[in-house]
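The following blocks contain the structures, represented as structure tokens.
In what follows, chain A forms one complex with chain B and a second complex with chain C.
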Partner chain A sequence: MRNHKMMFVPILMSFIAVLFFAANLQAGEVYKLALSLAITGPTSDAGNPYAKGVEDYFRFVNDTKMLGDDRIECTIRDDQYKTDVTKRNFEDFLDQGIVLYLNYSTGSTMGLKRDFEEEKIAVIPASFHAGNLVDSNYIFLPIASYSEQTIGLAEYVANNHKGDKPKVALFVHPSAFGRGPVEDVEKAAKAGLNIEVVEVVEHGQDLDNTAMLKRLKSKGVQYVISQTVQSPVATMLKDAARLGYTAKTFGEAGKITFMGAHYTGGNDLIALAGAAAENFFWTTSYKLTSEKSAGADAQLALAARYGRDEKAANSHNYTNGIMVAQVATEVIKRVKKQGLKVNRKTLYDELNQMNGAKAFQPDTTVGPVTYSKTDHAGVDTLQLYRVDGGVFRSVGTPFLCEYIKKI
Partner chain B sequence: MSANRWLATGNYFTTYKEEQRIFLTHTDRLIFSFFLVCVFVWPLVFETNNKSMLVVDNILIAMIAVLGLNLVTGFAGLISIGHAAFVGVGAYTVASVSRVMGDDYILLTHAWPAMILASGLVGAVFGAMVGLPAFRLKHLYLAIATLSFQMIFQWTINFMEFFNQGQTIFVGRIFWLNGEVGRNEHYIFWYYVILIILVLLGFMVRNLLRTRFGRCLIAVRDNDRAADAMGMHPGLTKVYAFGLAGFFAGIAGALHAYLYRGVGIESFTLHESITYLAMAIVGGLGTLNGSFWGPAAIKMLELQVEKIAEHAGDMMPASMNLATALRPLTFGLVIVLFLMFEPRGIANWWRIIRSYFKLWPFRY
Partner chain C sequence: MTYFFQLVLSGVVVGSIYALSALGFVLIYKSSRVLNIAHGQLIATGAFIAYALTVWVGIPIYLSFFISMVLTFFLTMSVERIFLRRLIGEPIISVIMVTIGLMSILDGLIYLTPFGSENFSFPRFLPKEPISMAGVSISWTQLVGVIITFAMIGAFSWFFKKSTVGISMRAVSDDQLASMSIGISVPRVFGLAWATAGLSAAAAGGIIGNITGLNFDTLHAFGITVFPVVILGGLDSILGAVVAGIIMGLIQQFASGYLDGNWGLNGTGTVLPYIILLIILLFKPHGLFGIHEIERV
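Showing the complex of A and B:
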């Protein structure tokens, strides 16, 4: 009897050990990713839905077992739009053993460029600044750069303006984020793009743009292309509407047509500017929920699944976050499919092969995501939208910026 | 002076020299030496990571900057609202060399101690220049002069192409005796460099306060007319106080540039100046050890508030943006509470604790 009892203990222990190891085997791999962004502080109005997009999509990947038993663990941390804090977060993430990093602001992406190179880690930021790609091998822009967007708008002006050479003013944020495309637009004009850049306005924190608008009007400016965030654009649009300067249709004679790149538009702009946002032209590479599409439906379903409010669900920055998470998931999936170990190197190599037949087509963008050794801008295609009846509606079909190759 | 050099329960001095000693008792010296050994040894004993070392390095740099601010505001009684700009001057001195000669220029990578010293000197020159209005201005008017320097500094950096319009200017990896200081040892290496500089500067301030130059600062703060009548030059004293503060700030700026391996304007804004002022107030204006307590307390508070704000951001609706307000609110509250209930700062708590042990077992 005593012998039987003594036998029972080791058998039970062995059984528990087998169960433990079996459970561990079934648990699969955990791929650590991280995102540092402004959830509070400046630009948190964009950062907040962006973070939700990333969080929700990775939850969806894990919940639906998109990667089988493997899981993605993405730590999201607030950096208050401060490079020092981003650096601290990044160091922490490295200690945790991340294989791919998602960053946010232009300043921190530029500031940490050297660290990314040294660590040989692929980075997908929310900043589309072309300068991110200078002297850098590991930064991958999700969509066309601000320069491409701004030149793309200028091309649209040049192609659709009736009359003499159109006079354009650039309204930009007083930082690298805003200034980045200015030189490129001027280069494009020199390279033959049929526009005249009359003035570049770096806005401050003005609450009234009357003087600026009157000055632009007196100089004969017909188009204002903005590369900034929504609130200064909203202020400008409201003042223009009050002064009666806003064009009702594209290029209306004697009036000003207002246009802007990715971070100038979206539902937040309409909420801020109200009726003054009507006929504002905006470009981005993302599909919007204001227009029926499979991507929009999937986005709204994802938001509903994780209990997001309507504002977040319809934000183009929520789309932005989802898309970045989609790219990250896709590249992990592809590395796994090849039977390779998911690490920094294999992910980086795989991202560089995301072109041609291997281009990735997420349902959230208007074109495919393509990366190569020489091209680190993801979606090259842009879509023009226009505010019509309080919502953004597509204008024409997606297009490519031509002059970016000529400058 | 008490006959027992180890335990002195009261302040009995028979000569002026005795009162001016750096350590009043051997016990003080022993405790301080033990503390120094601890701060030098702990990274070798405990496992550290880059993130925590970065946080610690940052605190030490802030201590150096606040040492300077305490000289001008605490000891000389001149409010400076542009201290971050002086720190920025030091950082941009390093950045300028990087911009002109390249980020891996030998002066930056090999002669970095000289660069740090040079940054301090440039900071001192700018400090003295900004202090020049002190010949004519006092109190709030002088504070506004320092504020305008902060504004001019920010504008210059933000708009000048030479300074990369405020965007990061990189600084290359430095070299030490055993070659390039790589990524793995970067933060620990700078921990020791910053710590050594901090200890040296701390002793420098302690010694300064024992000299007539140090006493001049305090005399001018307490009553500049009386100081004038005693043969001191209040104007020059104020200028030299600003110069000294600029020197400390410049050193801190250069260390910041090397630690982060780059310089960007956002680390030297008005907000940072206010933060330095908050550190000095919370630590204890006009005290040497307050310059150490303040940065440590504020930086740790910052980390905790960050965590709370992050959770608050998750829970509260984005449109309310309450989490964004949490940080300035906490800082404001901490400063107000300290000004109301403990205007002498954490340094006073330290004084009370020391007095308790000094008097023990007596209560008075």
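Showing the complex of A and C:
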């Protein structure tokens, strides 16, 4: 009797083990991805909705079995915008066996560039700094670089300004993030772009921009193109409105038309600047929920499905997060479809082939995502938006920055 | 000349807001010789409470500002009671380290709220059109900010010079043991110093929040931005904070107005105040109005 009992235990354990392995076989593969970003700390107003976008889309992929029985497991960690924490997170993620990495800030992307090369892992950051792509093979920008966005705005000025050569000032963040496009815009002007860069303003924690605005006005500046975050732009717009400097229409004579790249705009700018944000011109490659489109509908449905509030659901940085998750999912799908093993190398190779007939249309952007060995900027197309009645509305159709190829 | 006067006006506006922000540092240092590193977080907290009361609770904005000042008054009094009172008599560096911890705790708590990662702006409650005279203009928000600043600074100056409590606070600052020997409650004075600093921080938060919008990074950064003002004025002088604040405001505006954009210069409005601070401190190490203590051994 005692022997029977002793026999029963190993048989039961073997049975459980068989069940466990069978269940695992049934469950399919788990692809580990990771994202380190500022959910709290500086720039968390962008990082927080971005993280929600990534999280929700991967949940959606798993819940709807978009990859069959395979699942995506994306660890999201807060680094509070500190590069040393990002590096520690990245090293942890490598130990977990990630096959693709989503990064965030310009500083950490530049700082970890060598690590990405050594680890041979494809990285999609939230930073669109053109410098990320210099001496790098593994970084893929989701959309057009800050340089491309800023030159794109300058091109719009050159093409639509009436009168003599338009005078432009650049209003930038005093960091690599802000300074990145300055040289490129100046190069574009030298290469024949019909604008005059009168001054480059590096802003601080300014409570009053009167001196700066009066100085620009006295120099005849007609357009201010910003490459920074929303808060300093909002203060500048409020001061400009008080001084009566804000153009009511694009290029209004005797006034200043204010414009900005991706991280200067969106609903956060309207929340900060209020009515002073009216007639601010902004460019990004993302579609907005303020305008009807398949992408916007899908985004709002996704946010509703996972109980996100209205603010997050309508944030362009929520779109930003969804879009990078879409690209990651698509590339995994394509590798799987070819019957290849999903690993760092196959994902990297597949990303580089995302062009021509294989370009990806995520619907959340105004153009297709295209990557190749020589082009690691995803969506090249830009859309101009303008604040009209407290909402960003499209101005014209999506366009491509021409001068980026000439500099 | 209009340009010059506009820069002067803007400098005075910015400077007086710096002075109000710096006041909290001075009030605490004046009575306890402690530098509160978490002051920027208190500025942000005051602004967020006022916004929450106005927009989420529906209280009229003027009343919200007043209530936020009262709430921050009691909040900082509680902070002193819970965290700092037991450190009386301990080395000052320990107390400063506690304020660094306090900064992290307040950061963490604010990050748990929508204010940690979202931007807001106060509803408009003042006329949109600026006040203009002979080509020089000031917004209503700025004007009200300046009036509140000078009213508060005047009230605090009177309080420290004329009221019994204020005089006892100065006495504690001078010599804690001697103050205790004549019956002054040192813990009560410390609590009051923190509470009044909280009150001034909430006022500063309300004004800055109205100018810049409510962004946590921007608001708490003012705790650091006004540090040169506090040092230049002399850590324990209210008058010093006012004078240094206005000097800093004027330097920033003149640098931005006359230097930036010329001779390849840029961002001098941010850097020049620190350069001038260093030069002045070379000659007046205790700041413009700081007390130079002489100890006889």
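In the analysis below, the second predicted complex is superposed on the first by the 388 of 407 C-alpha atoms of A that agree within 3 Å, B and C clash if a C-alpha of one lies under 4 Å from a C-alpha of the other, contacts with A are read in each partner's own complex, and residues count from 1 in each chain.
In the analysis below, a contact is a pair of C-beta atoms (placed from the backbone, for glycine too) under 8 Å apart; a residue touches a chain by one contact, two chains touch by 3 or more.
Bear in mind that the values here come from a model prediction, so they are computed numbers and not experimental data.
Per the definitions stated earlier, placing chain B and chain C onto a shared chain A by superposition produces a clash between them.
Of the two partner chains, chain C is the only one touched by A:R242; chain B is not.
Of the two partner chains placed by superposition, chain B and chain C are both touched by A:K311. When the two complexes are overlaid on their common chain A, residue A:K82 makes contact with chain B while staying clear of chain C.
In the overlay built on the shared chain, the residue A:S44 is in contact with chain B and with chain C. When the shared chain is aligned, no partner comes close enough to touch A:K32: not chain B, not chain C.
Applying the stated contact rule after C-alpha superposition, one finds that A:D268 touches chain C and leaves chain B untouched. Touch criterion met: A:E118 reaches chain B, while chain C stays clear of it.
Of the two partner chains, chain B is the only one that A:G107 touches; chain C does not reach it. Legend: residue contacts after superposition of the two complexes on their common chain; A:K187 is shown touching neither chain B nor chain C. Taking chain A as the common frame, chain C overlaps chain B at a single listed stretch, which among 23-31, 59-67 or 95-103 is 95-103.
Taken together, the two complexes place residues 39-41, 44-45, 48-49, 174, 311 of chain A in contact with chain B and also with chain C. Of all residues in chain B, only 49-51, 54-55, 58, 158, 165-168, 170, 183, 187, 260-262, 264, 266-267, 306, 309-310, 313-314, 317-319, 321, 323-324, 326-327 touch chain A in the complex they form. Listing the residues of chain C that touch chain A in their complex gives 3, 6-7, 10, 13-14, 17, 107-108, 111, 114, 116-121, 124, 128, 130, 137, 139, 142, 208, 211-218, 221-222, 225, 252-254, 256-257, 260-261, 266-267, 269-270. Residues 39-41, 44-45, 48-49, 77-78, 80, 82-85, 87-88, 91-92, 94-95, 107, 110-111, 113-115, 118-119, 174-176, 179, 309, 311-312 of chain A touch chain B in their complex.
Every residue of chain A that touches chain C in the complex is listed here, in rising order: 39-45, 47-49, 174, 199-208, 210-212, 214-216, 218-219, 230-231, 234-235, 238, 242-243, 268, 271-275, 311.
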